Every structure is written in C-alpha cells, then in structure tokens.
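The chains carry the letters A, B and C, assigned in the order they are written, with residues numbered from 1 in each.
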C-alpha cells in the first residue's frame, strides 16, 4: 500500500512538472510520514546521499569540462578532428563524431558535450551546406560518447548506486571499447547519410597542418591523460584525479593558451556549481527514495517477478533493456541510474552478468534516452543550438538511433567488449 | 507503530554477525509464537553506520549491530575500545565486555537512547603491508598506512612514525596495488575477502585494535516491553553473541589459512610492549578530549 | 500577461531575490574553488611533504553539501532543475496554469519541511564533533536548513505572481556564449 503511494505520488509529481529531484523527495517524505518514520531520517538520507567521498569527483569533472570549453581547449580538439578526418565524404559529420570522442575523454557528461561541440560545429556545418537536422542528429547522438569514454560522472553515480562494490577505475576502463564502438557505428551512419544527401568533403590540409593541429591540441589532450592515466597508475584516486584535472586545465588555459579571462573563469565556476547542484540534489533525494525501496524489498520482488515471466537470460536482458529504454525516453539519466541500479542490478547479477558490463549497458541505454523525445536533454540543447524544430530533427534521426542500438546489442550480448580491458589492467 | 521490528546490519547475509542476528530474530519469533517479529536489513541498504546509529536513536529502526569504533562520536565512553593495545588479546576483551566494562559502556549508551543487549566480536586488527614484516615500531617509519577516519588511529600511526592516510575503504585495494599507500590494518577475514592479501604480502599480528560490536535496541522500544519479554530478548541476544563469537573464530582461522596458502608471510609481533610504550601521546590526547576514558582504562587493566 | 510592467514594489522584491540568489551562488562558487585547492593540497602533501593532510577530505565532503543545497535553492528561482513539462503543457490552458501553481506549492511545501527537519538535525547533532574536523556534526545540516528557507521564499514569490497573473521574475542562469566556431 505504502509502496503504491510512493510510486503513484512520484509519478504524479513528475507529470505535473515538479523537478524530478523534488518529486523523489516529496513522495519519500510523505511515505516516511505514513510509515510513522521520523521525518528527520528522510533528510538524513538526503544529506548523507550527497556526502559521499566518490561523488566529489563529479563537480571536478564538470568544472574541468567548463574550463576546457571557456578556456579554448574544446576549440583546439575540434580543429584536430577536422584536420584528421575532415576529408572523407560528409567530412564534418565524421569530424563531429571524432570530436565527441576526444572531448568525451575530458568531459564527464553528454549534455556538456552537446552544448560545447554543438555550439562550435553546428553553425559551421550549416554554413558549409549541411542540413540543420543532420548537424543536430550527429551532434546529439555522438555526445553519448561522453558518458562512455572516461571520465564519466554518470559512471560514478552508477558505482555509488550499486552500493560501492563496483570499482570506478574498472568502470572507466570498461567504457573505452563500447565508447569507440559506438562512435564507429555513428561515424558509419553519418557517412552513409552524407553520401545519400551528397554532402561535400573538406580538402585534406596536409600532414604539416595535421601535425600543427595535433601539437596545439596536446596540452588539452593531456588533461585526459592525467585524469585517466592518474587513476590507472594509482598515482591519484579518482576524486583526486578530478581535482588535479581542474588545476591542470586552469594552468593550461591561463599560462599556455592564455585564453581564459577572469570572466571566463567565473562563468565556468558559476555554471559548474549549478550543474553540480542539479546532479547532487538528485542523488540526495534518490537516496531517501531508495531507503524506502529497500524497506519494501522492491529489488527482491522485481527479480522474482522477472524470473516468473521467463528464465531465459536473453529474454530477461532484452526486457531490462526495453524497460531502461522506455524509462530513458521519459526521464533524465542521472535520476534513472540512481533509481534503477539498486533494482535492476541484482537481476542482472543473478543472470551471471558482471556489474561492470551491466553498467555499460545502462550507460548506453540511458544515453540513448538523452537523445530521444519527449524528454532528452541532449536533443533539447542540440535543437536550441541548431535553431531547428524537434519534430524536424526526429524525422531523420533513425539511422543514428539504429547505430547506437546496434552498439547496445553488441555490448549486451558480448561481455568481452566491456570486460577485456578492465580485466587486463585491474585485478 | 509497525508490527515488525526493523534491524540494521552492514554485513552481507553470509557473515557471522548477520547469522547471529538472523538466529536472534528467528528464535524471537519462534519463542513468542510470532508475537514479536523482526527482520534484519543486511548489507547496509538502509545507510552507513553513523546514519544507522542516528536512525536507531530516533526510532526509525529498532535494533542493530554496531561496531563500537564509529560509536565514539555519539557515546564518548565507547572510545575506550578504540585505544590501541587497550586489550591484551581477544579473550581479555571478552572478559571485560561480559563484565564490568560492558556494564559501564551499556550505562553510557543508555543515556543516548541505546539499549546494549550483547557484545559481538569483530576480531583483532593487525598491520599488513607490501614492503616488509613489522616487528618493531621502527619498521613502520615513513610507511603510508591507510587508517579509518578517526583521530585516534591517525594518532596511533603518527606516534609510530608512519604516514597516516585516511581513505575510503573502497579505494584501498587499488591504492595498495599502485603504492598510493604501503599498508593498512584489519582482521584476517577482511584482509582475505577484500583481496588485499594479493597486493600486501606481509601480515604482522600486532592485534593493536580489538573493537567489539554491540547488538543494541532503541531504548524506548526496550522500555515498552514487558519484564518477561525483556528477559527473553536479553537471553536470546546473549545466546546469539555466543554463537557469533564461535562463527567468528572459525572464519578467522579459515581466512588465516587461506592467505597463508596464497603465499602471505605472517609474523607474530613479539614485543608488543614497545608499541604500547609509543602510545602514550595517543592516550593523552584521548584523555584530554574525554576525561571519562581514564578510569575505564584503569578498569580494563584491572581485569585479569 | 508578461507584457505587464512590474510595479515598483515587485521590482524591490526581485532585487532582494537577486541578491539572495547571488549570495548563495557566490558562496557555492568559492566552496568549489576551495575544494579543488584542498584536494590538490592533499596530493601535494602525500607526495611532496610525505604527510597527508587528514582534514582535506572531510572538509571537501562538508563543502560539497554547501554547494549542493545552496545552488539547489538557486535552481528553484532560476527554474533550472530537470523536470518533465510536456504533459502539463499539453493540457488546456486553465488546467495547465492550475497545475503549475500546484507544482510550485509542492516545491514550497517540500522546502518548508526541509527547513524544519534539517534544523532539527542541526540541533540533534550539535553536541558531537565531526571526525577529523573539530566542528560540531550539526554543521552538516546547516546547508539544507538554508536551502529549505530559500526554497520557501523563492517558490512563494513564484506562486504569488502566478496567482495574481503578474510577470514572474526572469532570473536566468548564466549562459555560455554560443559564438560561431572557428
């Protein structure tokens, strides 16, 4: 009964437009009250939810991404991508995908990816005769790479929601191959559509220009090396690597590139703290919500329910994927990671799946949701930057959905794609 | 109020503490013909230990097994068991906890709304590291040792000349592997189950910390019970502790054998007195902050 | 309705809200910079000084809750929290408008409960100290207390304006310049 109130009230709040974080908090508080639980405990859960050491990395990755964008590192990465792959047919589409891969190695989030690269590339693409819908399609779908390619704050959320038993370093490594695989699928889709529409190719600027583009991008690329390399070599913890990444990005943009003004800096800080709060308050309120889910033994019940439908692992995995896809379409990624991980992960584990691999499936699946209507943060941002209507973009986006879906299915049913790298490097 | 008592436990269901709690709740239901029922939520799904202590005091949960280490900030007297080398060995701690010390701590916990029912074991913690066997305090000099977030443990490592590094437990394996820290300290079962033995090949039995756990109840819930029910709950709680201590000893021995088989080099610290002697600044710091600890230490020392 | 000019008193209210919002955002921003510096210092301490500052982590975790809760309240004023609006917006205008007010009342109520309960947590944990930082544990619950109060203030103004069909203060989050790429 209380569980029905919890879920019903949550759904009602979300549907009338209460921010998802508060919808979680409000429904949890009401059920605490119905249960006769002290309300202080609900707020203790919210407070403890945000006071987790590994979550400290989130503001750091967000801040580093903002510094990269406002300090000119992102622009140099795009220039490198253009020099390297701009000369294939529909080259700027491929450049867009490739830039996402590079920038994804620094930024932890797909939305940051869309707004950073979209604002750099979409206007250029339109000017060179690409249709706006194509430019937005490529930008939005390839930004999902930012979630898979380390660092990724969504993976940190997953590790925390999984109860701390999943290693963040392992997750980071695991994302590399699925991330590149997904980008390859997207680049192929971008290429085929470009041929069909007869988009131009850029002239190859020559090896010298490519070399110059590479050298100027190196100080920026080193940020990724510091963050990921620092974690893998164990010089820093994940959290420390985020802070060192910020300090390094600050040094590069002020001393080497000399392109970060005081205004740029304060803007980066202002935007970083806002984004941080949006994510963290979700974490907090989801923690209060999850307390009740644990109390009502929802994870155990779902496992029993799913196994009653079928005991075929392939079918159950497909069901889990479908549920995540549908939820991803209507809700935001961070909230879904926090709510669904404690519920779905035990099912996947009981099928013998490695929590690391399930994490990758979750990232791709919910990442896809960021690019779909009706609720897709990347899609919204992309359309706003491309100054196009969502309806128009949606009509032509299916080859790109198909590309992500293909990568998702491969990752779901071929464990080696996610697990080879982390198992080779970490215990 | 709900019919079923809610219990908190940080450990996985297969752990000795979990089995002790499950036995306690099963027997409680059986002996009262289902009049008193209870359910333990294992694996810390309801929150961390500091949070759960708060929840128990507020009445959100009804019973729990807490390690007395993180109890210190709430009940200062319990800090006495967090003093390094305060017990001579595990048997000494049993005699103290089942006797005068246990009574004194239970009284202090009652002031914060906690009814202590029985004392469980979490064994004894010793040093392990990737560098060398530890026999004297000098062997720890300059070593980066991960400790739990507690000033006393930080002080202990510093008094021994090491570099105390508080760090989240989940980070320790990778940090040991890559040398962010050289060593850490824990009991055999944790040393084994975390895989730390794979990356820290020396385990030196120092037994510097013996921190008991407490099966306790919300005091108001306890006071609402009839005298007969109270007697029954207490009897079952203490019987569950006897069982848990046996299970603990078994798992401790099994874990020790397993890590030896895996090639870990184990040595017994012969001269504990040298370590104890180095602890006086730690004790002084503790007494300064909590004067109530001094008579308790004397009490422990007076127990044979 | 938005073409209505705000009255002088409405302007004064907006000015006060803007001030509160800016104070909260600046505090959060300073906290972020301090956290980055503290973690950097921790690494420096471990490798260069061979003495790990034990307060850095504890301080960082405390400050992150200041950032989270202060900017959460700011997000209420700026309406930047992630929400699902297409269902409400698809309703007939009068219903949509009523639901928008219900939404803000729910936010207001949640803020009120947060303020009261978090303040009780402050009191409940005031006597004991945070490990590794010599300050009361209760300090941790100060940010949600402030957040609750600010949420009530911000949401109340939003509700009041909507009830009277007055223009809602256009408090915008800082935008990144979406300049042309080179």
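Just so we're on the same page, contacts are C-beta pairs under 8 Å (C-beta built on N, C-alpha and C of every residue); 3 or more make two chains touch, one makes a residue touch a chain.
As the structure is a prediction and not an experimental result, all values here were calculated from the model.
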{"item": "Most extensive contact between chains (C-beta pair count)", "value": "A-C"}
{"item": "Chain at the geometric heart of the assembly (C-alpha centres)", "value": "A"}
{"item": "Cα-centroid distance, subunit B relative to subunit C, in whole angstrom", "value": "39"}
{"item": "Separation of subunit A from subunit C, taking each centre as the mean of its C-alpha atoms, in whole Å", "value": "23"}
{"item": "Per-residue overlap in subunit C, given as positions that touch at least 2 other chains", "value": "57, 124"}
{"item": "Per-residue overlap in subunit A, given as positions that touch at least 2 other chains", "value": "40, 44, 53, 236"}
{"item": "Junction residues of subunit B - those touching two or more other chains", "value": "54, 58, 180"}
{"item": "Touching residues on subunit B, where the partner in the complex is subunit C", "value": "54, 58, 73-74, 142, 144, 149-151, 154, 163-166, 180"}
{"item": "Complex contact set, residues of subunit A against subunit B", "value": "35-38, 40-41, 44-45, 48, 53-54, 163-165, 167, 169, 233-238, 291, 294-295, 342, 426-427"}
{"item": "Of subunit C, residues touching subunit A in the complex", "value": "25, 28-29, 31-33, 35-36, 39-40, 42-43, 57, 60-62, 64-65, 67-72, 74-75, 78, 80-88, 99-100, 102-103, 106-107, 109-110, 113-114, 117-118, 120-121, 124, 140-141, 144, 173-174, 176, 178-182"}
{"item": "Footprint of subunit B on subunit C - complex, ascending", "value": "46, 50-52, 54, 57-58, 124-125, 128-132, 137"}
{"item": "Subunit B residues within the subunit A interface of the complex", "value": "1-2, 6, 41, 43-48, 51, 54-55, 58-60, 167-168, 170-171, 173-175, 177-180, 195, 198"}
